Every structure is written in structure tokens, then in C-alpha cells.
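Shared between the two complexes below is subunit A, which has subunit B as its partner in the first and subunit C in the second.
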Partner chain A sequence: MANVRLTKVGKVYEGPSGSAVRAVEAVDLDIADGEFCVLVGPSGCGKSTTLRMVAGLEEISEGTLEIDGARVNDLPAKDRDIAFVFQNYALYPHLTVGQNIAFGLEQRRVHRSGVKAMLTGASAARAKESEAIAARVAEVSRTLGLDALLARFPRELSGGQRQRVAVGRAIARDPKVFLFDEPLSNLDARLRIETRTELRLLHRRLRATILYVTHDQEEAMTLADRLVVMHRGRVQQNASAQECYERPANRFVAGFIGTPPMNIVDGRAERGGFAANGVSLALPARWPSLNADQPCALGFRPDRIRLVAAGAEGSVSAMVAAVERLGDRTDIALDSAWGRVVARIAADDAAGIREGDACGFEPDPQHLHLFETGECGARINPR
Partner chain B sequence: MKRSMAANALLWFVLIMGTAVFVFPLWWMTAVSLETPDRAAAAMTGRTGLAALPADPQFGNYAEAIRQTGSIEWMGFVDALANSIVVTVLVVVGTVLSSSLVGYALARLRFRGSTPLFLVMLGTMMLPGQVTMIPLFLVFRQLGWIDSILPLVVPAFFGNAFFIFMYRQFIAQIPESLVEAARIDGLGHLAIWWKMVLPLCRPVTAICAVFTFIGTWNDFMAPLIYLHSDEAATLAVALNDFRGQYGGVNNVHLLMALSVLTMIPCIVLFIAAQKTFVEGLARGSVKG
Partner chain C sequence: MHWSGEGGQEEDAIVKDALAEFERANPGVRVKRLNAGSTAEFYTKLQTMMVAGEAPDVFYVGYERVANFVSLDLLRPIDDFVERERAARTAGDAKALDLDAFYPQTVDAFRSDGSRVGTGPLYGIPKDFTTVGFYYNKDLFRRAGLEFPAKDWTWDDYIAAARAIGKLTPPGTPEADAIIGSEFVTWSFVARAYLRTEGAEAIGDDLKTIRLNEPTAVAALERLRAWRHDEVGALVPGNSKLASGSAIFNSGKVGLAGPFGRWVVPAYRKIPPSSAGGFDWDFAPLPRGSAEANCVLTVSWSIARDSKHPEEAWKLVKWLTNRESQAANARLGLAIPTMREVAEGPDFLASDLPPANNQGFLDAIPEARVIGWPADAAFDEILGSALDQGLRSGDLKIPEALATFDAKWSTHTNFVPGGTAPPPVAWPLFTALGAALLGLFVALVAYLLVRAPSGTNARREERAGFLLVSPWVAGFLAFMAFPILLSLVLSMTNWKGSGPLSGADWVGADNYAQLALRDGTFHTSLRVTAYYALLAVPAGQVLALLAAVVMTQKVRGIALFRAAWYLPSVLAGVGIAILWQFIFDDQGGLLKSLLAPIGIDTPDWLNSDAGVYGPPAFALMSLWFVGGSMMVYIAGLQQIPRDLYEAAEIDGAGPVRRFFRVTLPMLSPVILFNLIMALIGSFQVFTQAYVMTGGGPGDKTRFYVLYLYNKAFQTYDMGYASAMAWILLAIVLALTVVVLRSSARVVYYESLRKG
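Right after this comes the complex of A and B.
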């Protein structure tokens, strides 16, 4: 196992008529030995390109990539000692499950077959090597519960089984780094959650260094030791999942992490408060750097909202637009002067709420976030 | 849907007529090959009709045909058969290997000028063989290859435009991630072609091999042009020896017997390959 370090890594594609398209910009990333690092972001954010650069499937345009302390920018994929799990699994269709798992090991044999081997007496060594490969395949298939499937072809397997074979193929070689490119997105929802847990357990058992790409922020949060949120080719935040959720570094991260997403309202600072569309809210005096009349955005999570009676003092008046009952909790969409706001409350508290009701809401003053304006407006830190 | 009796009858009639048209030459050839020399010659000139089944089948005609092939008794046939087998096997192997390799390069490698090259290659398909016949002969004569199998075999190792096109289209459909997975597993382009692309291309290879086999086995023109001596002749050329000096046919029963023998490998191959064609189609339909 090894650590992976990206320093100012960038990817520039040559666009049509010689223009340069930047897919990835100045990514700095330091993944510790045995860490489970997840790259997450909307499609086209550069996460897959970053992963493919680490794998050696894309050339690195700028910056340095180090694996285990050695610069590997110019090393071909096969010499980087990495394993890659593809979204569509990329199992070799003409090989059985067992052969698929053994394939990488077979390619890395030291002792070749043939007349020369026979003459130099390497046949015994080769036989020993074959035994070792067979033992490794057996071990891996036992770990992943693939024993009964070894003689099958990939086309005879279900999606979940194929996915396990793909993982098996990766771990058989015992590489320094595992790279996963959206490995769960071809599975159905229930299987995805099961496999997620399995991956997490596998990581704990192998203590492997993993770089994992997904667009699913829930998957990212449950798996990650470290979460790297990307957008428009740049890293927006690089922290633990909890940190990204509780202290999003900017407005993009705030909106991307968490379901339903954080409510974000554009407005401006007022003396002692925040105002948008003529409706003000008193802020606890905790934002020393905030100037009066400065444009900013206020964010609050749906589960940090209290519903109050219409017209209650210090609340924002609203009308219930939609009620989504999810069993233990209820999501309520509210139309207000601040636009559409979603509140998530306990099902018991929502029992009497009907669409069309007039009410008011109050964001929890202890859990407010302020951001500068703009799509990626930086977080304004409270004192 | 149930067809009416009349529609069924009509369908059968058309099918039977069509089959008759295709079977007639085969039947005629086989029937003549089993006739006595007199009756065969008479049937040839149309003086008498031909019995559907020869009254007195002359199976000895086959042995006689083999004996008289070429200039050396018995061995002439063995020579011609060996020549045909060597040429055909080499051409099939050469065509499959070179066409799939070039197809892989055109489908998977990004290099400057790959598209123009591909178009030029397709363009060569428009050239009729007759146009290049004489220039090619001159080239091979300059190389000193006349009366050897080299002019027949060597070009096969430089690909066949149509099969390159077929391979390229097929290989382009192989998911990119498979090739990438192989790269990570330590394979270079040649190894990817050999260990992954060729096994996956089995349906194309079956078609390519069968068509090339039949085309080469039956080829008369090229061996006739390049192979001059009796020892070098292939079966297709050796058959021609049964024609008289002035174009007439003296021993039509022997010519037909040898023709039947020559056809057997093609018929066997076609029946065997039919299964592979169908299997190939079925494999392609299952995503894997």
C-alpha cells in the first residue's frame, strides 16, 4: 500500500480550432496510506479525468503525481501498480470468472513457458508460480463469495456478481492503490447500498489506499474517510464528510452535499441581520467580517428549520406548496418571499399540515451559514 | 397465421424450382462423373439424355481421375492437393492476422492521417482485379517470384481491404474500458490484439476465414498466371489439364470426378462454419 500525492495537477484538452479546454485545474491532493478518498461532484466536474490521470489512462498536462513518494507522471499505467474498477466492470467476455481474476497475475508472471524455460529448468519454477496464482484466485474468490462462479462466463452473471468479479480482479494483484470509477452506478438501488457496505468492510480488511469517484453524494459521504468535492475542474473542498456537511467551504459544496440540499437565499447583510426581498432575519452577532449592506447568501439546512404559526414574530411568512411524507419524516416545500424553501420535520409534527396552509418558518440561528455571492461564493466564517 | 392450401402450394412450388436451379449443376456434375466414357461424352454433346441415377455407376472414374492428374501418375494429384492446401492455409492465416491487426490499428489507435489512410484503403476496393493484373505480374517477375507460391501468398499478409473494414467496424464496438483494463493489466497493443481482440472477433474471423478459404481454394486465375510448372499447380489449375489442347474436353467423366473431389472441402467447411456463423450472431446479441 502507498500514499498518493497530486501537486497542481491539471488536464488541458486541445479543443476544436486549437483552443484549449481545461478539464482539471491545479488539483492538490494528498491521500494517506490506507485512506479511502472519494472524489465527488456533478458530471463534467473533472473527477473522472483526475482519476484517469492517476491511473495513467490520461496524460497529465500539468503538475506532479507521486505514488509512494516517486514521481510517476510518465510511467505507463501497467507500471504504476494500480488497479482500476470500471463503471461497466470491463470483464473480459471470453474468459471465465477465474481466468478474469487470474489475468493480471498471469501477465505479471516472471517465468515464461516454452522451450527456453524447459531447457533452463524454469519449468518447475513456472509450475510453482501457477500454483501460487491458483491459490491467490481461490483466496480472492473466497473473500468475495465467488467460489461457485469461477467457471462461469461474465455474460452468465448478474450485475452484482459482475461487480464483485471486477473487484476481485482488482484485489487479486494486491496493488498499491485501488481506483474506482463509479463502480456502483450500474446496480439497482438496493444492491448499491448493500455493495457500498461491503466495499467499506473490504477497505477496513485490506487497509488499502483507495481513490473512488462518484457523482452520488450520499454514496460519497458513507464511504469516505476524506471527501473531495469538485466542480468545474477545481477542488471545492477537501475534508472529512462531516466537515463538508457542517462547514461547507463554499456555496457550491453547501448545495451539493446533503439531501435535500441546503436552502440558500440571496440577499444582503443588514445591521444585525440579513435581508432578502424585503424580509429580514436577525442574525446572532457572530459574523465579525460581515459589512453592513454587503451582498451575501444565507444558507440553512432543511432539518434546521422550525415551522411556526403564520405571522409569528421573527419568522418568514410562507405558504405550503407541497408535502412529501417519507414515513418517519416529512419534507415540506414552502413558497415565501425568499423563494422556494424546503423544510424537513418529524412526521408527527407534520400530521396536520396541508398543501395551501399559511404558516411561517424560522431557521435555527445556531445552524446558519453565510456565503459570499456567486456560484462558488466562499464561506463567511462566524466568530 | 394459417396459410391457405393454395398459398402453401405456390410457396412450395417456388422453393422447389429455386432449389432445382441450384442443385442441377451439382447433380449433372455428379451424374457425369459416374458414367461410362461413352455415355458421358454423349451427355456432354447433348446427343443423349442423362439418367437421373447412372444405371451402372463407375466409381472407378474417381481413381482414374486421380491417377491421370498432372504429369506423374498418382503423385500429380498429391502434388496439386498439397499445393492447394499450402497456398490456401497460408492465405487464410495471413489474411486473418493482417486484416485484424490493421483493423485494430484503424479502430483503436489515434494517429495522424488514419482517416485518409482508411479512405484510400477503401478506395482500393473499387479497382477491378484486371486493372492491376499486368502491373502486379511485372512486379512479381522483377522480384523473381514467378512459378513460386509467393505471389499468391505474400499479398495476403498485407491485409484485404474488405476484411480490414469488417474487422475495424467490429473492433470499434468493443468497449474502450476493456482495452484500458488490459493496458492496466500490463498488455501492450500487440498483446491486446492477440489476447483480447482476436478472441472477441471470432464471428468476423469465421466469416473472413471461410470466404478467404473458398475464394483461394477455387481461385483459378492467379495460380494460372503465376504457376507455370506442373509441380507447382494447384488443384484448380490441374483440373484444367483435362481439357484438350484445343479447348475440347476429352474425358469429361474424369474432369467431373476430379471436380467433385475438389469441391468436397468447401462443402464440408461451409456446413461446419454455418454453425459458427449462427453462434456468432447469438453471442453478439447477449451483452457481456
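Right after this comes the complex of A and C.
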């Protein structure tokens, strides 16, 4: 196992008519040995490109990539000692499960077949090597519960089984780093959650260094030791999942992490408060850097909202637009002067609420976030 | 009334005028011209029209076809008309036709009793004819200090002149600059005329006894072969198809060219005279050997046996052979008028244009006789092929060539399918069988309709489906199933491709037995085709796949290369064949000229070395057409997911192993498809061989389908050819099954199957 370090890594494509398109910009990333690092972001954010640059499937335009302390920018993929699990698994359809798992080992045989081997009497060594490969395949398939499937062809497997074979092929070689490119996105929702847990357990057992790409923030949060949120080719935040959730580094991360997403309202600071569209809210005086009349955005998560009677002091008046009952909890969409706001409350508290009711809401003053304006407006830290 | 004829542009123009005038002179008669103009396939078209019952009323018949056409009962005897003309003449009608005004040899050429020519009913009025001789380049004769050929010159004079002219340029002069003594074409009728000058014959007057093996004939052929192959500079060597023929004389580097008849004159008249940078030329009749001899090559206007307008047709025949028509033709210079008075008159003799020695053509007439061709069209095929091997390509010595002829001719004549009295084909039975099959089919469809799923919607959809495909089904039945089944029946008959099917006899499996057991040419054609397929299929597929791999690289302008590689596949086959003839030619062909300077000696692909190098030459040429396969491979390559390559790359496979471990297995269904298509295609080689070699020399490039064509459309053994077609089907089917079976283990099919 090994650590992976990206320093100012960038990817520049030649666009139409010679213009340069930057897909990835100045990514700094330090993945510790045995760490499960997840790159997450909307499609087109550069996460897959970053992953493919680490794998060696894309050339690195700028910056340095080190694996285990050695610069590997110019090393071909096969010499980087990494394994890659593809979104649609890329199993060799003409090979059995066993042959698929053994493929990488076969390619790395020291003792080749052929005339030369026969002349030099290397066939005994070759046979020994074959045994070793078979043993390794058996071991890997046992680990993944694939023993019974070794003679099957990929077309005879279910999606989950194929996914496991893809993982098996990756771990067979015992590489320094595992790279996963949206490996769960072709599975149905239930299987995805099961497999997610299995991956997590596998990681713990193997203590492998993993770089994992997904667009699903929930999957990212459940898996990641470290979450790297990307947008427009740049790293937006690089921290633990909890940190990203609780202290999003900017407005983009705030909106991207968490379900349902954080409510964010554009407005401006007032003396001791925040106002948007003529409706003010008193803020606890904890943002020393905030100037009066400064444009900013206020964020609060749906589960940090209290519903109150219409016209209550210190609340924002609203009307219930939609009620989504999820069993233990209920999501309520509110139309207000602050626009559409979603509140998530306990089911018991929502029992009497009907669409069209007039009410008010109060964000929890202990869990407010303020951001500078703009898509990626930085977090304004409270004291 | 319909008319059909063959001839060059100038000749056709004259006939066109004559027809127009004929219509004016005969109100109420309209003549429609069919297939006019020069066409190599004139007789094939004519025969096809006759089979279809659409024969023109009046058409052109060469002397060599008379016995054949009479034996097939295609021509109407015209003795009754001639008799009527004679009576009219006696009664004082000066315009009536006078057969005595024609050269008797030309008239006798169109009498036949069905097996011999020269006796029997008359089947046409000769329109023109020619004797043969040599055209000589006067300038070269002067340079060599030679006398011009005298009226009674001999073969010794001929070869002496050729040798002297051949020495005008020293040996070793590049082929393009060398002066050659003479071109001596070796077409079978010319060779037969040559034999006569030594008192020999190819076949007796009974058109049965083969006389080629008589010592005089063998000696004469040996001498001609020696001239062509052993004397540098004297005669054009045999090993070029391109450098042979009448056009070579135009270059001014050939002393004598022949034996040709009058037909080359219009082309040679385009040669500018010596004073205008060209050269002067003239004609000399065929030299004498032990005898003075010549041949009469003639063409008639004849009337179809089934003509619905015989009276009008006869009028037209008379019109086209009358004094005015003959005079117009005489002025054209293409042939000698058959009417003695016109031939010996100013229209023919007193032309300002060369040749000066028009009289030379006429001088040969007293000793000239028609060359008789047996009714069996295979005689010319077999004789021509044997003489070509012995005299031109030289891959066989004369005795070998004659032995080949004997063997083939006896195989051919000994084969009497169905014995002496074969029963007629039981057409009612087959009609009933066909009707039963059709009924069965209709019943099946009806059953399917009735049994359709009971839901109203489903049934309605089923009916609509049947209704919508019905035009295609009907078309398939009428234009595919019917002819295919008919050919199966025909393969067991002796149908000659002329006349109605009801005239065919039932011969059972005789055609198949002859093919399997005795027809050496058929076995050769199988060998040639298999040899070709063995080379062309693997080489073509490997090349196509490699090209496809290269063409799928992301390189600027790759589309241009793809188009360039695909281009030959859409070009016209005949044009390409002619192009490749130039490439393989042994006299300064492209391959030879390119490789000779770097010390590589190329074989004489399509002639003397054709036994070994002929099929490979065609295989080499076939590599030009891999564009189609390449396109299919490109499509297949683009279907392979890129992940697989990336996965293999990360797994440590280099480009070569990625190709063998990923590309090939993933492409295997496409390879199988292309392989089978190429295999089928390799058994259907025709155009190239037909144009480039005609199957020769001998049968060394006689591909299967070419032989089938020869049998079907040159000797009109339709039953035999049908049997060959079915054997071909069986072979291709068997090969396909073998390939499919043996590939099941190595072909990976997922991309064709669902999931």
C-alpha cells in the first residue's frame, strides 16, 4: 500500500479551433496510506479526469503525481501498480470469471511460454507460477464469494456479481492503489446500498489506499475517510464527510452535500440581522467580519427549521406548497418571500399540516451558515 | 419487323441509312434496330433473344455459326425465295436477285445440312467477305533494303523479311524502342488458314475427322511456334496479351502484321503517310507454302426460323445485299463486296486511300475456301484454347497442345447425355410438383393466419404483416424460387439454351456424372479456384483487418485514407481488370518495369507461368478489393468498448497483446462473417478472369464461374451449366457449414446475442 500525492495537477484539452479547455485545475491532494478518499461532484466537474490521470489513462498536463513518494507522471499505466474498477466493469466478455480475475496476473508472468522457455527449461518455473496464479484467484474469489461462479462467463452473471468480479480483478494483483470510477452507478438502488457497505468492509480488511469517484454525495459521505468535493475542475473542499456537512467551505459544497439540499437565500446583511426581499431575520451576533449592508447568502438545512404559527414573532411567513410524507419524517416545501424553502420535520409534528396552510418558519439560529455571494461564494466564518 | 446486327460505327451508319431508305421504299414496313453497333456479346444477346421468343426477323450471321445455328433450328431456309427470284429473273425482272452474281464460295458458306457446310439448303445471303494476308510497313521494308512482297511470295520470303526487319535494332534494345519483324496472330481461324498453305487441315470436310495430328499439320504448327518463341526480333514473342493483335502495327515498329482480313483497313487508314510523320503501308495476300491457299471469312443476312414477317424480311435481306448497299460498304473499305461486279468495280478497287493493293484481296479468291466449323460450338473453344497454348503463350509444346485438344474434344464428343434416345422432360410432372409446392406454401400461410393468436389485435397485426410482406414474397417466388427450382430441373436435361424448354430431353444425373468423373476442365477449374481461394481469402482478411486497425487510429485526414482504400471496391470491374492486365503484362508491364531495375525477376504471371503464378496474380489483385471487408472490420472495431482496452492496459497488456487478447476475440463474430463472405466471393471470380485471360492459357486460369459461363453462354450447354451451378451451391454451402461448425469454439458471440 502507498500514499498518493497530487501537486497542482491540471488537465488541458485542446478545444475547437485551438483554444485550450481546462478540465482540471491545480488539484492538490494528499491521500494517506490506507485512506479511502472519495472525489465527488456533479458530472463534468473533472473528478473522473483526475482519477484517469492518476491511473495513467490520461496524460497529466500540469503538476506532479507521486505514488509512494516517486514521481510517476510519465510512467505508463501498467507500471504504476494501480488497479482500476470501471463504471461498467469492463469485464472481458470472452473470458470466464476465473480468467478475468487471473488476466492481470497472466500479463505479469515472469516466465513466458514459448520456444525460449522450453529451451531454457523454464517450464517448471512456469508451472509453479501457474499454480501461484490459480491459488491467488481462489483466494480472491473466496474473499468475494465468487467461488461458485469461476467457470461462468460475465454474460451469465447479475449486475452485482459482475461488480464483484470487477473488484476481484482489481484486488487479485494486490496493487498499491485502487481506483474506482463510479463503480456502483449501474446497480439498482437497494444493491447499491448493500455493495457500498461491502466495499467499506473490504477497505477495512485490505487496508488499501483507495481513490473513488462518484457523483452521488450520499454514497460519497458513507464511504469516505476523506471527501474531496470538486466543481468546475477545482477542488471546493477537501475534508472529512462530517466537516463538509457541518462546515461547508463554500456555497457550492453547502448546496451539494446533504439531502435534501441546504436552503440558501440571497440577501444582504443588516445591523444585527439578515434581510432578503424585505423580510428580515435577526442573527445571533457571531459574524464579526460581516459588514452592514454586505450582500451575502444565508443557508440553513431543512432539518434545522422550526415551523411556527403564521405571523409569529421573528419568523418568516410562508404558505405550504407541498407535503412529502416519508414515514418517520416529512418534507414540507414552503413558499415565502425568501422563495421556496424546504423544511424536514418529524412526522408527528407534521400530522396536521395540509397543502395551502399558512404558517411561518424559523431557521435554527445555532445552525446558520453565511456565504459570500456567487456560485462558489466562500463561507463567512462565525466567531 | 426487327433487325439486329454487329459492326463498327461507320458500318452501322451505312446500315442505318439503308434501313431508312428501305422504309421509304416500302411504306407500311417499319424496321426496329436492336443491339446495333459493335458488341463483343452480339451472339450471346442474339441467342438470349431467340430463347425468349423475341428473335429479330433479320440478323447477321457469321460463316462460323452457320452449322451451329442450323443444328439448333434457328434459321429459315431461303431456297424458296431464291427460286422465286430466279423465276422472276427469267421472266425479265432485272431487279430480281441473281445468286450467280455473288462469289460462289461466299454463297456456299451459308449452305448447311446441319452437320456439314457447303451443301444443303441456303440460310442467308452473304453481305460481304474477306480474304486474309499481311499488312506491311513499306518504310521498314525500305530501311531493311527489302523488296516489297510479290504476288506469289512464300513463307520463306516472309520469314526472311521478318528477320531482316528485326535486325534493324540490335538485340538488347529496350522493348519500347525495338523494331520487330512481324506480328503473327494465332486465332484459331487464322491458324487454320495458315495450315492450308501447307496442305494441312484442322478438320476434314465432313467436320468430324480431326486432321491436326497429320505430319504436315504438326510440322507447320511447329514452324510457327518456333518463329514466335525462338527468334528474337523476328516475330512478336507470344508472352504478351497486350502487345498482340492488330493495333501493334500502328506503332510503326512492326514490319508485318497479320494474317488479317480487310477489317483492319479503316483503322489503318488513320495512320498518317510517311510524308506526314507516319509511314506508308500496303497489303500482301497470305504467303504460299507447299500450296497456294486462302480462306473466305464472310457474313450473311439471315432470317429467323420463327419470323412472323418472312416476306418483308426477305425484302430487307435483298435490300441490304443489293448493289447499292454493297457499293456503299465497298467505299468504306471494311470488307470485300460479295457481288463480283461490285468487287471488281471502281467502288472497291479505285480508292485513293491505302492499301494500294486492293487487287491482292481479289487475287486470293480463286484459291480461297470457307473454313468449316462443326455445329458443336465447343470445337472453336477447345481448338482455340489448345492453339493459344501451343502457339501464343507457349506453355505447351505443339504435341502437348494437340494431345490436350484430342483429350478435351474426345471427352466432349463422347459425352452424349441421356444416351442416343433420351426421353423428353416430364414437364407436366414438374409443373404439377411446382404447383404442389406453391399450394403447400399458400396452405402454410393460411394455416398460420388461422392459427394466429386469438386476441383480435394480435390477429389483425399478423394479417397486416402478411399483407405488407406479400409483394416481396410474391417477388421472391416469381424471380428467385421459380428460376432456382427450374435450374435444378434443367441441370438434369440437355437443354441447349435455344428454342423452347419443351424441346429439352431428360438426361437424369448424366451431367453430374460427367462433371464428377470425366470433365477434366471442370476438375482443373476446381483446382484453380481452390488455389486462388486458399491464397486470396486469408491474405485478404489479414490485410483488411490490419488496414481497419490502422484506419481507426485518430490521425488527421484518416477519412481520406479510408476513402482511398475503399475506392477500388466501387470501381467498375472490367476497367480494373484491364488496368491489372497492364500491371501483370510481361512486355513492359508495370510490375516488371518497377521490379526489373532492382534486380527482381517477375514471372510471366498470366501466360507461360500461369500454372503456378496465374491464380496468385488474381489473388494479389483481389487485395485491391479489401475495402469492403475493411469497412466491416472498422465498424466492428468501433463496437469494442474502450474500457476493455483501458482495463487491459492497466492489467499490463501491451499493444500487441491487447490486439490478440482483446481485439481479436471481441471481433471474432465479424471475422467469421467476413471470412464466409470472402470464401463465397472467392468462388465467384469471373470478371477479372474473363477480361484478363479468358481462362487461358489453356485452362490455367479457368475459374469455376468462368467455366460455367463458357458452358452456358459460349457453347450453350445450359443443362450442363445448371448442374455446375448446383454443384457450386453445394460446395459453398458445405464450406460455410464447415467454417461455422469449426468456429463455434473460437468465436465469441455476446455482441450478437442480447445480454
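The rule we apply is simple: the second predicted complex is superposed on the first by the 383 of 383 C-alpha atoms of A that agree within 3 Å, B and C clash if a C-alpha of one lies under 4 Å from a C-alpha of the other, contacts with A are read in each partner's own complex, and residues count from 1 in each chain.
The definition used in the following text is that a residue touches a chain if its C-beta (ideal position, glycine included) is under 8 Å from a C-beta of that chain, and two chains touch if they have at least 3 such contacts.
The shown structure was predicted, so the numbers you read here are calculated from the model rather than taken from an experiment.
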item	value
A:Tyr92 touches, of subunit B and subunit C: first, second, both or neither?	both
Touching partner for A:Leu57 - first (subunit B), second (subunit C), both, neither	both
Partner chain in contact with A:Gly104 - subunit B first, subunit C second, else both or neither	both
Contact residues common to both interfaces of subunit A (with subunit B and with subunit C)	55-57, 76-78, 82-84, 86-88, 90, 92-94, 103-104, 107-108, 153, 155
Residues on subunit A engaged by subunit C in the complex (per definition of touch)	55-57, 76-78, 82-84, 86-90, 92-94, 103-104, 107-108, 153, 155, 169, 173
Of subunit A, residues touching subunit B in the complex	55-57, 76-78, 82-84, 86-88, 90-94, 103-104, 107-108, 153-155
In the complex with subunit A, residue positions of subunit C that touch it	641, 643-644, 646-654, 657, 661-662, 665-666, 668, 748, 750-751, 753, 755
Subunit B residues touching subunit A - in the complex, by the definition given at the top	175, 177-178, 180-187, 191, 196, 199-200, 286-288
